[in-house]
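Chain naming follows the written order as A, B, C and D, and within any one chain the residues start at number 1.
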Amino acid sequence: MAPLLEGIIAALTTPFVGDEVSTAKFEENIRKFNGTGLTGYLVLGSTGECVSLSDAESEALVRAARATAAPGKAVIAGTGRESTRLTIDFTNRMADSGIDVALVRSPSYFKSRLTRDALKAHFLAVADKARVPILVYNVPANTGISLEASLVIELSAHPNIQGLKESSGNIAYLGEVIRRVPPGFRYFSGSGSVFLPGLELGACGAILAVANAAPELCSKVNCLFLERKLDEARKLQLDLIPLNKGIMEGTGIAGLKYALDLRGYYGGPVRLPLLSPGEQAKTEIAGLMKELGLV
Amino acid sequence: MAPLLEGIIAALTTPFVGDEVSTAKFEENIRKFNGTGLTGYLVLGSTGECVSLSDAESEALVRAARATAAPGKAVIAGTGRESTRLTIDFTNRMADSGIDVALVRSPSYFKSRLTRDALKAHFLAVADKARVPILVYNVPANTGISLEASLVIELSAHPNIQGLKESSGNIAYLGEVIRRVPPGFRYFSGSGSVFLPGLELGACGAILAVANAAPELCSKVNCLFLERKLDEARKLQLDLIPLNKGIMEGTGIAGLKYALDLRGYYGGPVRLPLLSPGEQAKTEIAGLMKELGLV
Amino acid sequence: MAPLLEGIIAALTTPFVGDEVSTAKFEENIRKFNGTGLTGYLVLGSTGECVSLSDAESEALVRAARATAAPGKAVIAGTGRESTRLTIDFTNRMADSGIDVALVRSPSYFKSRLTRDALKAHFLAVADKARVPILVYNVPANTGISLEASLVIELSAHPNIQGLKESSGNIAYLGEVIRRVPPGFRYFSGSGSVFLPGLELGACGAILAVANAAPELCSKVNCLFLERKLDEARKLQLDLIPLNKGIMEGTGIAGLKYALDLRGYYGGPVRLPLLSPGEQAKTEIAGLMKELGLV
Amino acid sequence: MAPLLEGIIAALTTPFVGDEVSTAKFEENIRKFNGTGLTGYLVLGSTGECVSLSDAESEALVRAARATAAPGKAVIAGTGRESTRLTIDFTNRMADSGIDVALVRSPSYFKSRLTRDALKAHFLAVADKARVPILVYNVPANTGISLEASLVIELSAHPNIQGLKESSGNIAYLGEVIRRVPPGFRYFSGSGSVFLPGLELGACGAILAVANAAPELCSKVNCLFLERKLDEARKLQLDLIPLNKGIMEGTGIAGLKYALDLRGYYGGPVRLPLLSPGEQAKTEIAGLMKELGLV
C-alpha cells in the first residue's frame, strides 16, 4: 500500500555523466538520502529537469528510484504534459513503473486559452484516467499559469485528486484552500523559504529542491514543528532562507547540483539550455553551505 | 515624542460626500476607531485613494487625523510621489501637518528606468531631507515595481529610514530582510491574509486595509500572538482570510467602504475611476461580515 | 533541392477524428491548399497543436505533408523542445522524415535561467547538429520568452541558421534586424494582421495561421505587394485584420478549425486542454468569414 | 482657431538648470524647433518628465510653449492624473493656459480595478468636462494598462474625443481602430521606430520623443510619405530605428537630453529618480547621432 504523503520530500536532481542520464549515480544519491529524515522522493520534478528528458530516460529514473527508495519512502513523479492525452499516457506509464502518486503541473503553452474551464476539464480528465492518485501542481514561475484557489478547491472533490503542491510561495493561498478542502487533502509547500509558515497553517509537509542540499535541516524543521518547538523551528527556517534563495534565485538547478557535489552526493552537470554556475556563484554557494555547517 | 510603531495600524479610507472629501466623516470614523485596539492610523495610503486627492485635500485629512487620533496612536501618511523632489516637498508638508512617520512608496511611472541604483538614490535623498522618519513601502500590485530585499537591507542603514511596509504578501522576503537589518528596524506586513506568519517571523505589526472592517479581530490576532497563544491566533488569522480576500481581491476599496457602512462607520462612495460595488458584491461582503460576526 | 522560403506559408492545423490524428484528413486539406497561392506548409507549428502530439503522431504528420505537398511547396516543421538535446534529436528525426527547414522555438520552462547566453548556446548547438537549415522562432505569447533583436542578429551569422519567424507583431523588431543580418537571411512575420508592413520593411514572406482560412487573400496581399500595388495591398491587409483578430484573439485554434469546416476543408475538434468554440463564437466567425466573401 | 493635428509633433523634454525648471531654456529650444518641419509640440508628455513636476511648474511650461510656438504650431499638453476629478481640474487649468488639445493617459495606480468599465467612465467624464478636445493616450510601458482597441472605438463617438496617441508600437491595433472610428478621428503613433507603417495604414501623424533629436528627419519621413515616395521614406524610417532604440531603450529621457546637448539645443540634467547617462551611453549616443549626420 502506498505511504501517506507527509513530511519533507526532496525534489531530486537528475544526474548526468557528460550529457547522459546516469541511473547509477541517481541510485547512489537515493541510497544516501535513505539515511536522512526525508519521507519520500519526487522524480521528474522541475528540479529534475523533467522537461529536458526523453520518455525513456524518465522511465529509467522512476524505475531506479522505486528500486532504491527505502521501504516506506514515497516515490512521486512529475507527469504533466501539454495535452490531456499525453499527460494521461505518461502518467500511466509512470504508474506502471512504480510511482505512488503523480504530480501534475498545469499545461502552459497555450496560455491565452488555458481558462479556468480548460484547466478544470484537463485536471478532471487526468484524474479520471490516471491509475495512481494525483497531486495538482501550481508552479507559475515556470508555467506562467496560476491555478486559482477556487479551482483547486473544486478539484479537491475528485476522489483521485489527493492534494496540491503549491510553489508560488503564497501563504494566503494555503490559508484560503485549507479551510475548504475535504479532510485528508494533502497540501504541500514547494518553497524552501516558507514551508514552516505553511506547516503552521495546516500543510502536510513540503516538497523541496533545497532538501537535496540540506535534507537533515529541512526534516528537522518539520520534526520541531511536530513537537511544537516552534521557536527552534522558526530559527532553523530563517537559517535556511539564505541558502534557499542563494541557490534557487541565484543559479538554480545548476547551483543545487554544485551543492550536492560539495556534500559528497553526485551533482554533476546540467543539460543545455541550462548553464553551469560560474566560479563566483560556486564560491557563494560554498559560503552559504559553510554558514549552515553543511560542509 | 512620536510613539514607537507596532501592533495593528489601519490604512484608513477617505470619506467622500458626493465627490467632496469630508473631514467631518473622517474624524467621526477615527473617534470610533480610537475605542478599538488599533495602535495607529495610516492616512493617504493606497486604501485612502491617495493618488486621487489634491495636495490640499491630503493636508486637510492629515490635520484631521492628527487632531482626532487618541493620545499614543501613531499617525502615518503615505507621501510618495513620482519624483524625488515632489516626494520630499510633500513629505515635509505632511510633517508640518503633524504626522509621526511618512510611508514612502516607490515611484513607478518610468518603470524601465527605475533600476536598483535609481531607487536607492531616490530613497536615500528622501530620507536625508525628510523632517520625519520614513518607512519604505513595497507595493508591486499598484506600482509594478518590486524593491529587492537586498536594497531594503542596504537602505536600512540610513538613520532616518525607520522600517518597511511590505504588501506583496511574500513571507520569504521578510525572512530574508529580518536577519540583516539593524535591531529596531520596524517591519510591517501589509497583507490582511498573512500578517500572523509575518509576526511569527519577526514583524513589528501590520498596516492593514481590512483593519477598517475588523479592527478588533486584527488587533486580537496580534494580542494572541504576543501572549503566545498561537493556535488561537492562527484560527483567527484563517478566519480573516475569506473576508480579506473577498473584499480586497473582489471589489477593493469600494467594497471596504461598503463594509464600513455596514458596521456603522462612514464608508460612502469612491472617487472615479474607482467604481461602486454592484449588488452581488455587496451581498457577498455582507455575508462575509456576518460569518465573522461583524454585523 | 529545397525551395527558397518566401511568400505565404500556412501554419497548418492538425486534424483529429475523435481524439486521434487523421493523416487522411490532413492530406485532403493539403491537396486543396496545393491549388491556392500558398508557397509552403508549416507542420507542427503552434497552430498545429504541436505540444499536444506524441513524437510518433508528429512524424506521421510530417511524412504525410511531404508526400502530399505539390512540387515546389516548402515543408517546414516546428521542432523545438525544452532541452537542446531533445531539440536536436527531434529536429533530425523530422529531417529524416523529409522537411526542408526546421522552425525552432525558444525553450521556455526554465524562464528565469533562459538568459541571452543560455539561449545563444542552445540555438548554436541546434544549428550545429541539425541536418536541415533552421529558422529561429520568436513567439513570446506562448513561451513567455522574447529573443532580443541583438541575439537574432548574432545568430544570423551561423551558416545553418537560415532565418527568423517573428510572431510578436513588433514591426520595429524587424526594422532593427533587417539592416544587420547577412543578405539572404529569411525573415518571416507570424502575424496575420501586420504582415504587409513587414513585407514593406523587407520581410521575405509570412507564416500565418489565418492562411488556413483565407489562403487566397493572404497570397493576394503578397502578390499585390510584389507588383507594388501598395494601396490595394493595404486595403486587403486591413480587411484581414478583423478576421485574424476575431479568430486568433477570440477562440484561437478551435475557431480556426471551425473556419476551415465552413470552407469545406476539414477542421474538426481540438485536443484537450483546448476547448471547442461556443455557439456565439461560431456565429461571429461565420460572420467575419462572410464579410470577406469566404463563405 | 486651433490647428488640425497632423504631421510630426515633438514630445518636448523639460529643461532643468540644477533641479529647477528653466522656462528660458525651454523657450530657446522651441524657438529653434520653430525652424524645423515640426507641426506642433507636446508639453508635459512622458518625455517631459510630467510626473516629476509640480502643477505650478507644469503651468509655467505650458504658458512658455504657447507664447513661443510659431503661429500654426499646435500646443498639446499631457494632463492625465490618477483620478477623474484631478484630471478634469488639471486639464482645464492647462486649457486656460493656452493648450489646443489635451493628451490624457490612462490612470494606472489601481491596476486591478481599472476595468474596461472604469476606464470608459473615466475618459467619458473627462471628455464631458474638458474645455479643450482630448486625445486618449495608450502607453502601457509606463502605465501597465492597455486600452483595448474596442474601448477606443467606443470612445471615439464622443464629440470631444478627437483622437488617440498609441505608444505600444502595435501596428495591428491601428489597423483595427482605423476602420471603425468616425472620419476625422486623429490617430497618432508614439513610436519613432514604426511611425511610417502607421502613416501607411492611415495615421494622421506621430508624436515622437526622437523628434527632439532628429526633427528634420522625422518630418522628412512624413513629407516623403505625403509625396508617395515610399521607398525613400522607408529607407529613412529604417535609418531612424537604431537612434530611436539606442536612446529610448537605452538610457531614455536622460540620453535624449544628451542628444539635444550635442545638437546645440539645451538638454541638461534629468530630475531624480531618473539618472544621468554614463560615459559609455554618451559615446553610443554620439555615435548614433553621427551615423545619421546629426552632429
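The rule we apply is simple: a contact is a pair of C-beta atoms (placed from the backbone, for glycine too) under 8 Å apart; a residue touches a chain by one contact, two chains touch by 3 or more.
Note that the coordinates shown come from a computational prediction; the quantities given were computed from them, not determined experimentally.
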Taking each chain's C-alpha mean as its centre, the one farthest from chain D | A
Examine where the copies chain A and chain C touch and state whether the two sides share over half of their residue numbers (same) or under half (different).
-> same
Chain-centre distance (mean CA atoms) for chain B and chain C, in whole Å, is 49
Cα centre of chain A to Cα centre of chain B, whole Å, reads 35
When you check chain A against every other chain, which residues touch at least two of them?
-> none
Please give all chain pairs that are in touch with each other.
-> A-B, A-C, B-D, C-D
For chain B, which residues count as touching chain D in their complex?
-> 19, 46, 49, 51-54, 82-86, 89, 107-115, 117-119, 121-122, 125, 141-144, 249, 252-254, 271-275
Residues of chain A defined as touching chain B within the complex = 169-172, 175-176, 178-179, 191, 193-194, 197, 200-201, 230, 234, 237-238, 241-242, 244-245
